[in-house]
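Shared between the two complexes below is chain A, which has chain B as its partner in the first and chain C in the second.
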Partner chain A sequence: MSEVLLDAEAVSRAIRRMASEIVEATKGGAALALVGVRRGGVELTEKLREAIAAQEGRVVPTGLVDIALYRDDAATALPDPKIGPSVVPFHPEGMDVVLVDDVLQTGRTVRAAIDCLLDHGRPRRVWLAVLLDRGGRELPVAADFVGRRVEVPEGARVHVSFGEDPKATLEIARSV
Partner chain B sequence: MSEVLLDAEAVSRAIRRMASEIVEATKGGAALALVGVRRGGVELTEKLREAIAAQEGRVVPTGLVDIALYRDDAATALPDPKIGPSVVPFHPEGMDVVLVDDVLQTGRTVRAAIDCLLDHGRPRRVWLAVLLDRGGRELPVAADFVGRRVEVPEGARVHVSFGEDPKATLEIARSV
Partner chain C sequence: MRGFRSPHLLDIASLGRQDILQVLDAAEVFFEVSRRPVRKVPTLRGKTVINLFYEASTRTRTSFEIAAKRLSADAVNMSVSTSSVSKGESLYDTCKTLEAMHPDLVIIRHQASGAPHYVASKLRCGVVNAGDGMHAHPTQALLDAFTIRRAKGTLEGLSIAIVGDIAHSRVARSNAVLLRSFGCDVRVVGPRTLVPPRFAEAFDVRAFDRLEPALEGADVVMCLRIQRERLSAALLPSLREYSRTFGIGAAQLALAKPDAIVMHPGPMNRGVEISAEVADGPRSVVLDQVEAGVAVRMAVLYLLAGEAERPGVEAEGAA
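Our next item is the complex of A and B:
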């Protein structure tokens, strides 16, 4: 059993709003880029880039970081054959970089993603965009752009998926 | 010229309130410890420990981290002869650790302090306590316990000092 927190239309709206907020917050500042956290943030990064392009008529550069090597349990975690490399095809030095992930919970992934990003250069500012902030923080991390905040009990699983239909976007369902 | 944001009495009150909040937030959880960030967080850590002892009749363990080696400009920063070593005289694995600093601005120091702390073990949760949140964030970091929030212009300097009088505590003054 699951409960839909955001249906496809609500997700599309949230992404358009987040794109507007990102543009407004970074306007007049440094050059803007989006960096998705593998693998949950990849699709959302693409959707945000499309939304910014539709609103502003400009295509912002995007990249991906893979945090496998930066996890605080890296020494004990099992190797994962599904992970890929980080791809940051621009020099983030001095830029406004928005890290993008689907779900924010403990903040440990974000910490690792920031470390990974800083190894590529020193951005002027690093922002954080997430589709769902589900609470349960274990590090003092906060998102700047949030699709929806819902306190989800620790054991419950949150499911984020793109539909088969190309018109569908993300759906978040909470197992209950 | 400077403007006093918090006089000694207001700082004492803020510290007592922060101590209460820390106790309440971590009650029933894991073992609690305070870790100050050198050098700004050292005195505040001691004051918080005293306030918790006065309120709860227990002495929580404290430590210090020095972030010199973890700064994101470590490669270019000049060596600083005033820095000392990190001293974490307990194993933070599984604990509730409150990082303590006097002023939160960009968040870069906090990022470095978290990395340094994680090198000592993996706490259950890392919290952040600061006397002053002056805005101007450059990383997605947020404090859990805050003495006072004031948006201070980027160029302005914030001065935190302990008075000569042993009864005086911290004073924050903003150059104007």
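Our next item is the complex of A and C:
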């Protein structure tokens, strides 16, 4: 069973709304930077940057963090050969940094991403933007900017794609 | 592709090209970590790494120690002069004693070729060879490969001259094996007494006893340290003569490609195997090698310290 949670139109509307919320919350975004969480947050970061540029006529700095080395199970999990570099090409000191990810569930990835970001410097404030908050938190983490909130049962899969036809779909394995 | 194939890193010969590339790619990530304001990641928290050094070494031991600490592992150093080895304990008993302390990884340097293999067969934890006798020094070859790849953009098909005391050099052996597996033209050159007659055949490289043909068109000139502690007067009568015939100065470097880089595993004997002018010159990557050493050793510790029995939890969103 597959259900479309956000179709192309809803995705682009959500991104435009999140972009203006981000600019408003950061008081015009003078010290704003976006940092995507690899790899799900990378494309959304780019979309948000485009949307903010379209609204404000200004390109905000972006970066990305790879959380593989910061996972709370990093030492016991199999080493993931796909670990990638974190790239924070600006000094986070004094900035409003918005962490960006496609889906928020347990909050563990966000916890790891915050730790990684702080190792690059000390932002004034860290915010969190996600396209889809599916519930199921295991840590006290909340998003500041959300495309859509929907309670998704544990075990169901949520796919977000930003290709030709951006959408978020929900797949629930048929119970026997 | 999952994890690293072996729980140990004992020599380059037991690695495949994919393993080598996996280490180098992971090292790129750790290279970036070492340039952050906070040069430490929590990845190996709670893991214990023991440095067991039977042979004098400051830089390799320090490099491993920094690598472990930047990964948040607990690093403990045991050196021969302070351990019970000097009281007569056998390698077997040292292994058993170490095992009782439940380390996750043991880094060993030993003057006897094969000692790390023996230790690996006795311990249940992972073992990393930090240099054994004249046999192998795999992390040196990996950090050299990392440095070469960064400078040249690739490892494939380069011409590399290894100059000096080939006979006693584990660095030369490990580098020859690694570079040949990437199709490099590896030339070894040194006095006849210091290049074993069957070396070229055994390692599938070209051997020379004169610098000129060995350096001609080389992309990389790798100097080896003249290991005075391993050399008798019969093998090397005079340092001055060696320096005149095989030392790398500006004139010798001019024989290699115009963009050739010069490497040295350290510590350098300035004025013997390498002139101060070349060592401090723009084509020297000696200090890049030191920086690469920490990144490559972090990659090795990271890849070996993971436990296979627990699968990785899938990333958020994918679950």
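Convention: the second predicted complex is superposed on the first by the 160 of 176 C-alpha atoms of A that agree within 3 Å, B and C clash if a C-alpha of one lies under 4 Å from a C-alpha of the other, contacts with A are read in each partner's own complex, and residues count from 1 in each chain.
Going forward, contacts are C-beta pairs under 8 Å (C-beta built on N, C-alpha and C of every residue); 3 or more make two chains touch, one makes a residue touch a chain.
For clarity, every value in this text was computed on a predicted model and none was experimentally measured.
Student: Clash or fit: what happens to chain B and chain C when chain A is overlaid?
Tutor: Fit: chain B and chain C sit side by side once superposed on chain A.
Student: If you stack the two complexes on chain A, which partner ends up touching A:V126: first (chain B), second (chain C), both, or neither?
Tutor: In the superposition, A:V126 touches chain B alone.
Student: After the superposition on A, what does A:P85 contact: first (chain B), second (chain C), both or neither?
Tutor: second
Student: According to the stated criteria, A:D115 is in contact with first (chain B), second (chain C), both, or neither; which is it?
Tutor: both
Student: Considering only the touch criterion stated at the top, classify A:A54 as touching first (chain B), second (chain C), both, or neither.
Tutor: It touches nothing on chain B or chain C.
Student: With both structures placed on chain A, which of the two partners, chain B or chain C, ends up touching more residues of chain A?
Tutor: Ranking chain B and chain C by residues of chain A touched puts C first.
Student: In the overlaid three-chain picture, which partner chain does A:D73 touch, first (chain B) or second (chain C), both, or neither?
Tutor: both
Student: Mind working out whether A:V103 is in touch with chain B, chain C, both or neither, as first, second, both or neither?
Tutor: Second partner only.
Student: In the superposed arrangement, does A:L139 touch chain B (first), chain C (second), both or neither?
Tutor: After superposing on A, A:L139 lies in contact with chain B but is clear of chain C.
Student: If you take every C-alpha pair with one atom in chain B and one in chain C, what is the shortest distance in Å after superposing?
Tutor: The answer for the closest chain B-chain C C-alpha pair is 8 Å.
Student: Starting from the residues of chain A touching chain B, keep only those that also touch chain C in the other complex, and list them.
Tutor: Residues 73, 110, 115, 118, which sit in both footprints.
Student: Under the stated contact criterion, what part of chain C meets chain A in this complex?
Tutor: 1-4, 22, 25-26, 28-29, 32-33, 36-38, 40-47, 302-303, 305-308, 310-313, 315-319
Student: Taking the touch rule as given, give the residues of chain A at its contact with chain C in the complex, in rising order.
Tutor: 40, 66, 69-71, 73-81, 83-87, 101-106, 108-110, 115-116, 118-121, 157-158, 160
Student: With touch defined as at the start, can you tell me which chain B residues reach chain A in the complex?
Tutor: 72-73, 99, 110-111, 114-115, 118, 122-128, 137-144
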